[in-house]
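Chain nomenclature is as follows: A, B, C and D, assigned in order of appearance, with residue numbering initiated at 1 for each chain independently.
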Amino acid sequence: MTVAAPARFDLDAPVLDHRPVAPGIHELTVEAPGVAAAARPGQFCMLAPAAADARDPLLRRPLSIHRVADGGRVVFLYRVVGRGTALLAARRPGDLVRVLGPLGRGFTPGAGPAVLVGGGMGIAPLLFLAERLPAGHGHAVVLGARTAAELPGLDRFEAAGHRLLVATEDGSLGEKGLVTGILEGLLEEAAGGDGPALFACGPWPMLRAVREAAAAKRLPLQVSLETRMACGVGLCLGCAVPRPSGEGYHHVCREGPVFDAEAVSWEAPPP
Amino acid sequence: MTVAAPARFDLDAPVLDHRPVAPGIHELTVEAPGVAAAARPGQFCMLAPAAADARDPLLRRPLSIHRVADGGRVVFLYRVVGRGTALLAARRPGDLVRVLGPLGRGFTPGAGPAVLVGGGMGIAPLLFLAERLPAGHGHAVVLGARTAAELPGLDRFEAAGHRLLVATEDGSLGEKGLVTGILEGLLEEAAGGDGPALFACGPWPMLRAVREAAAAKRLPLQVSLETRMACGVGLCLGCAVPRPSGEGYHHVCREGPVFDAEAVSWEAPPP
Amino acid sequence: MKTPNLAVEIGPLRLENPVLLASGTCGYGAELADLVDLDAVGGIVAKGISLEPMPGNPPPRTVETPCGLLNAIGLENVGLQAFLDEKLPRLRRFRARVIVNILGSRPEDYAALAERLDGAGGVDAVEVNISCPNVKAGGAAFGTDPAAAAAVTRAVRRVTRLPVIVKLSPNVTDVTEIARAVEAAGADAVSLINTLLGMAVDLEARRPALSTVFGGLSGPAVKPVALRMVWQVSRAVGIPVIGIGGIASARDALEFLVAGAAAVQVGTATLVRPGTAVEVIRGIRDYLAARGLSAPADLRCP
Amino acid sequence: MKTPNLAVEIGPLRLENPVLLASGTCGYGAELADLVDLDAVGGIVAKGISLEPMPGNPPPRTVETPCGLLNAIGLENVGLQAFLDEKLPRLRRFRARVIVNILGSRPEDYAALAERLDGAGGVDAVEVNISCPNVKAGGAAFGTDPAAAAAVTRAVRRVTRLPVIVKLSPNVTDVTEIARAVEAAGADAVSLINTLLGMAVDLEARRPALSTVFGGLSGPAVKPVALRMVWQVSRAVGIPVIGIGGIASARDALEFLVAGAAAVQVGTATLVRPGTAVEVIRGIRDYLAARGLSAPADLRCP
């Protein structure tokens, strides 16, 4: 498939807002108009605090685009895991963040109904997709987390206007259990018609379970994969995931992070 | 000479105050009661922003103790030169700074009158000495800088109660010229008596000029030396300056930074 | 004040300025054409190519280290034919000189690559990566043995009149010995360093962090080793030296020029900030101009 | 949950825990006794001593590098006699084991040092620094030649029954070759790495930043190279391996244990934060306890 090379930008973006939205989870808003205009759901950016001589941590960190908003705003939703995200979390409004993006191939929804399935921080890119899908077209969003406190931004998902179903492992919100339970039910309801297209992002076991459910009903599925990314821009070749054929590798930052489920090797260890 | 090992502390000290006091020059106040109680004029501390995993810059930076004050306050006066001092300058009240000190051998004033001579950031440790010397004992302080704007803290020097003489290279304050000009005049006035003891801190050319003036009049002189310091605590042996005899080296962080002028090799290149 | 002239000669290769993009960090050029002005850099050293395509290593292939990056990409590349057919046509249209980095497991491989590139239009030089395992010698890298390094150099020298730059491995007791051997064997220049052999540990899993256990260390962490080797080699051989290793700013590049490099390559820094090489060129120009120096060579410490 | 037992055996040397202070970063112990609990560390490796006192190199002797430190101290030390008379008496009173690091320019020097230390009470082991220039071999370090390294090891082995730890240089093509040679020559253990040979440039002055041009690189920057060499050597010899290089936290130390080290040394980190070694010990204990592991050796990756 040949596509005109999408625009990518590398800039020092001012922080407009930065707030914790759940224990250990932050929402970061920067001003990056070029990125906001070019961004497609499922794409990501490579971020680092702007500091001229900073050499350690050396690499930027990949974060999905959570949503874009008026005024050139690009919003990220992320959990503080290690040094890189901890340093980002310390950036205050007015500080600068180096943003390189938008990167990668995002979700390509078709004409029919879509079911978005997200777990853990995998919900981050799904809001952007949900907001770009028109309401009233039979789309549905299924989100899961360990507990209610780790489902930030539910109000925005609701505002996107699609059917919203939630599962928490401890039952503190929505159904008790995993998203796959809810998904099974949804797919049963839709049985007999063409069936929706599925779009999933989340931990590897969740993706595998969604893929099994999709394969059983022969539904198309696109998944967003995560690998370690040194560059995020297609230069280092580090972000390899095996092809199902056993011949060679995909590169998640340029052929992905969104892949057709059939292009993914499901036997391989989690990336 | 055997002296009981002086107390040294290594702590994360909270910043109480941090303000620019001249172009590129900042005054940092931290709370470090042990350091404040043990500190002697001429000693220094090794400082770094407190950040658990910070590895670059790797080393702490040496700064003289500018003064101590009630409540366990330790005050530093420093110019932003490179990365280390730039990162320190970003620390706000409430932030923590790792402080290791007080370190080194400071000034040892005698019973008679003293003349303190400082140039550039060499004035920093001299305030502490000036505040510890009792007023009305014939002490004098001679300070020099390129221009008036680079003589921060003059009000405190005045408050110390000694005769205060200032020289600026551009004449914007006090005498136009170098401190050595003022010093010559002072020493002429004192000719015929025992003569004061001199205590100098500043750029190497200034120290050499003061030493010549002191030697010409056979006056005792103590100088504070500056070298690159990896550790500041006597472990690495990096802070070497040659001995006059040509045999071996002094170590500035433990035998200094204050030395009798006679123990210094004045022919060597500047440390 | 004279305007500095940034042009440098690397043997028969003339560069408009002394800054190149290092192999493995700039793809085949087109991958970063939207982020970097490829008409502004002095040269592009393409991702190393082998006769046949290579798929590379299983993941994990990269891990961050203190001020550095460990990579075990495994020389993944499209192979010579696809390079000639698909990559070179686009690469040669940029103003930057095109240096093709070649790799193999036997001297004959290197020679075959060089011969085909010699005939291909648009190639300005070859850079010979001798940090590859010498299959006939039990897998030790060519670049760790002077005789093997010389054999590869000679094999390439015989089949091409293109400028031949031999890229040295730092994982040796005496890099000057290797440098002298490849100079005698006909290299027009040497470039150094390639990556330092290193390792990282995945503590949670209690095993190596990379699938292949070892990987190549690059980035600011290696700069002191790279500078030392550039100093040593530039005083051991008469051919020009291209300095590589942790360059992330104009100051870093200038340090390599002082140490004896005639030109420099920017590698890992491009992965972190694609615009680095162009900033380095600007910084070198500004630095020379501010001091009234006319050329990069003026910085070299005697 | 079992309480972990941190005691380790390095051949005949028993340490109460696997963390030592590295030579050159802890003086002769007393210098940091007020800042570090020297009863808590497993061992102290004293600043390297030579038969005669050495004054060290002219300044500048140190320069900061990305995540690292370059030093050209020049082996300044008080000499054997002053060590025995003035330093050892205080050093032996701490609970930590006393390891005396020795250096020389000929195998006979090392033997003379080892013999005197053998008779001195309070010395628990010698660590043989073979990264010194072999004067008879044109100045190349003993540690870059297996035969020279073995000769020094044998000379020391013959005159002492103290545990002999040979400290390896990383500036070699094949560190396992050196390790096997010193194992065969009678070393009880090896410690690695010593510093990497590097250089920095004073750009304003346009010359090297250190008076001796080259210096030794240490600190977090070198950790990936040190881990790789510990992995290689621990699989090449049967004697225990002590890991050194960039350890600044318990996590770093644990990575070395996974890689195959039986114990570790903390060097540059002590210069930056004297309390580091004690924190490392606490962190190792907590890590093992939290996972129900009983000893440091349980971490080793098979």
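Heads up, the rule we're going with is that a contact is a pair of C-beta atoms (placed from the backbone, for glycine too) under 8 Å apart; a residue touches a chain by one contact, two chains touch by 3 or more.
Values in this document were obtained by computation on a predicted structure and should not be read as measured data.
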{"item": "Any chain in contact with chain B as well as chain D", "value": "A, C"}
{"item": "Chain pair with the higher count of C-beta pairs in contact (A-C, B-C)", "value": "A-C"}
{"item": "Separation of chain B from chain C, taking each centre as the mean of its C-alpha atoms, in whole Å", "value": "47"}
{"item": "Averaged-CA centre spacing for the pair chain C and chain A, given as whole angstrom", "value": "36"}
{"item": "Inter-centroid spacing, chain B versus chain A (mean Cα positions, whole Å)", "value": "55"}
{"item": "Junction residues of chain C, two or more chains touched", "value": "65-68, 219-220"}
{"item": "Where chain B touches two or more other chains, by residue", "value": "53, 55-56"}
{"item": "Topology of the chain contact graph, where touching chains are joined (line, ring, star, complete, other)", "value": "complete"}
{"item": "For the chain A and chain C complex, residues of the former touching the latter", "value": "5, 7-8, 10, 48, 53, 55-60, 98, 100, 227-231, 233-242, 247-249, 254, 271"}
{"item": "Complex interface listing, chain C residues touching chain D", "value": "65-68, 70, 144, 171-173, 196-201, 203, 206-208, 213-214, 217, 219-225, 227-228, 231, 246, 251, 254-255, 258-259, 299, 301"}
{"item": "Contact footprint of chain A on chain C as seen in their complex", "value": "24-27, 31-32, 34-35, 47, 55-69, 71, 73, 76, 219-220, 248-249, 268, 270-275"}
{"item": "Complex contact set, residues of chain C against chain B", "value": "66-67, 220"}
{"item": "For the chain A and chain B complex, residues of the former touching the latter", "value": "53-56, 83"}
